[in-house]
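Here the structure is laid out as structure tokens; the discussion comes afterwards.
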Amino acid sequence: MGPGEGASETDRHMASELGGLIARERWVLLTGGRNAGVMDAAATGAQKGGTLTVGILPSDDATSVSPGVDIAIISGIGEARNLINVLSSRVVFVCGMSPGTASEVALALKTERDVILIQPSPESRAFWTSLDARRIHVAAGPPEAVDIARRLIEEER
Amino acid sequence: MGPGEGASETDRHMASELGGLIARERWVLLTGGRNAGVMDAAATGAQKGGTLTVGILPSDDATSVSPGVDIAIISGIGEARNLINVLSSRVVFVCGMSPGTASEVALALKTERDVILIQPSPESRAFWTSLDARRIHVAAGPPEAVDIARRLIEEER
Amino acid sequence: MGPGEGASETDRHMASELGGLIARERWVLLTGGRNAGVMDAAATGAQKGGTLTVGILPSDDATSVSPGVDIAIISGIGEARNLINVLSSRVVFVCGMSPGTASEVALALKTERDVILIQPSPESRAFWTSLDARRIHVAAGPPEAVDIARRLIEEER
Amino acid sequence: MGPGEGASETDRHMASELGGLIARERWVLLTGGRNAGVMDAAATGAQKGGTLTVGILPSDDATSVSPGVDIAIISGIGEARNLINVLSSRVVFVCGMSPGTASEVALALKTERDVILIQPSPESRAFWTSLDARRIHVAAGPPEAVDIARRLIEEER
């Protein structure tokens, strides 16, 4: 998860690297599906790496879908689809921050998903940790984020 | 699409055969995802046939998912997920009829999807045809339904 | 509930009369909220009669709201808001029929609401009765529909 | 908006006072509708003050509704109803903070609503301001919050 049109160059670069690492783990990558920012970079990175990519679109058609998405779910429920993004994920990776992304982190905590913030700003780290220190994890970059996710999944078994 | 717990033996049998035929076409099969009735039979039939199966669950966890579903989307929005089922489908196949199924047929017509009713009751056939004769197609069984779908997809290209 | 842009003159006329009768009962009237067809006529009729009117809009702003709506709920979830329309209603009155209306009748049956079809077509009456004869009621016009609703509410107490 | 079961005594007290002040302005008060925490205190306070109160419930029935809610909207879409809460509001008042509340603040910013944080924690204030300094307002208590809202509404006209 991460910003769409407002994503920084760093956000996109991290998301692309993360997508590739997720593919190497043979995990399915799920994003918000649009052809913009972190969604697009992560899906494209994972697809290039050879794993299946799923995108949950807010719109009622597929015109805005990222070419990196293999399976497009057309939700038609606008920003309410952010709930589906997090409920359908085992671990939520976050590159960058925006209002839409913040709603996904918040809904992930509400529905008891683990969230891994990659290189968060000091304000973001402090706030989310104050809300739920147990579910919020911080990674210095995509490789550490994947290490944390692997550990969380193994612990759960 | 079709009834869950209230599915008849015939509904389930047709759904299973349909799943197998969809797999043979290499189409992705999408259902409402639960471990009941037509959803379960169609997903299991398609999975056995070797194609990818997607299930859009109404619940906020995956406890009710059919074992025939490869990719479970956990929507958490209850029956409102019926909109997503039809928006995400190119063609909607219908085996049997129930209130939930009727909501999917209606939303499919509202959002301009083609609907193929397989062995509908006279009341079902007459009603849906009176609403939208152009989008409603009737098939005598799963093989004819797949023939109709193939033709619709080819026409669109 | 009833057609929007596709409503007939009769549909609109019945909806307006129904709104007035609902106002006389001091019931709150709830519609899909848009400035079109049955929604608009029913809300305007009820507002003129002096009762509170609620509209659940599909859009993410209020530009399409009927002037007959006192309380506009802006859902932002498109046609998925049809579920909210019926869940929030004690009794669902239906004037006319369209794909959107059919989705509301179907969701009402699925969630166990009583539905009163006013002057339905033979196809509509036969189909919905075949799905759930206990929940479907048929009225010759708005006054009989309100009589049926009053009786259902009294029985429930 | 504010925490449900996890609300502090201060959160509830502020919400109740805020509800009373909103009633004095003759504004309609809208909450998440449940019989818990800030939702319940704000609705009850506003209802006592004599204004109309609306509650958007996440559940598919009304068993959890606050007695302070006059108009219960039963959404049936779980936490996805948080989008409706903010879209249907002109100004979003926030007492306390929790994951659910954070999702509402985030969706309010995403959909360009003004948000007034009442006595926020330093972490909350710093984070939300870093996301959107123009839409986030901070108030020392309910009276100042209502002053800010009145000014925002007047500016808009």
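Order of writing sets the chain letters: A, B, C and D. Residues in each chain are counted from 1.
Please note the rule applied: a residue touches a chain if its C-beta (ideal position, glycine included) is under 8 Å from a C-beta of that chain, and two chains touch if they have at least 3 such contacts.
These figures come from a predicted structure and were not determined experimentally.
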| item | value |
| --- | --- |
| Higher-contact pair (C-beta pairs counted), A-D versus B-D | A-D |
| Gap in Å, rounded to a whole number, between the CA centres of subunit D and subunit B | 40 |
| Gap in Å, rounded to a whole number, between the CA centres of subunit D and subunit A | 28 |
| Interface hub residues of subunit A, defined as touching at least two other chains | 60, 76-80, 83-84, 111 |
| Touch-based graph of the chains, sorted into line, ring, star, complete or other | complete |
| Partner subunit C, residues of subunit A touching it in the complex | 60, 76-80 |
| Touching residues (chain side subunit D, partner subunit C) in the complex | 28, 52, 54, 56, 60-61, 71-77, 80, 83-84, 87-88, 111 |
| Complex contact set, residues of subunit A against subunit D | 77-80, 82-84, 97-103, 105-107, 109-111, 121, 123-124, 126-128, 130-132 |
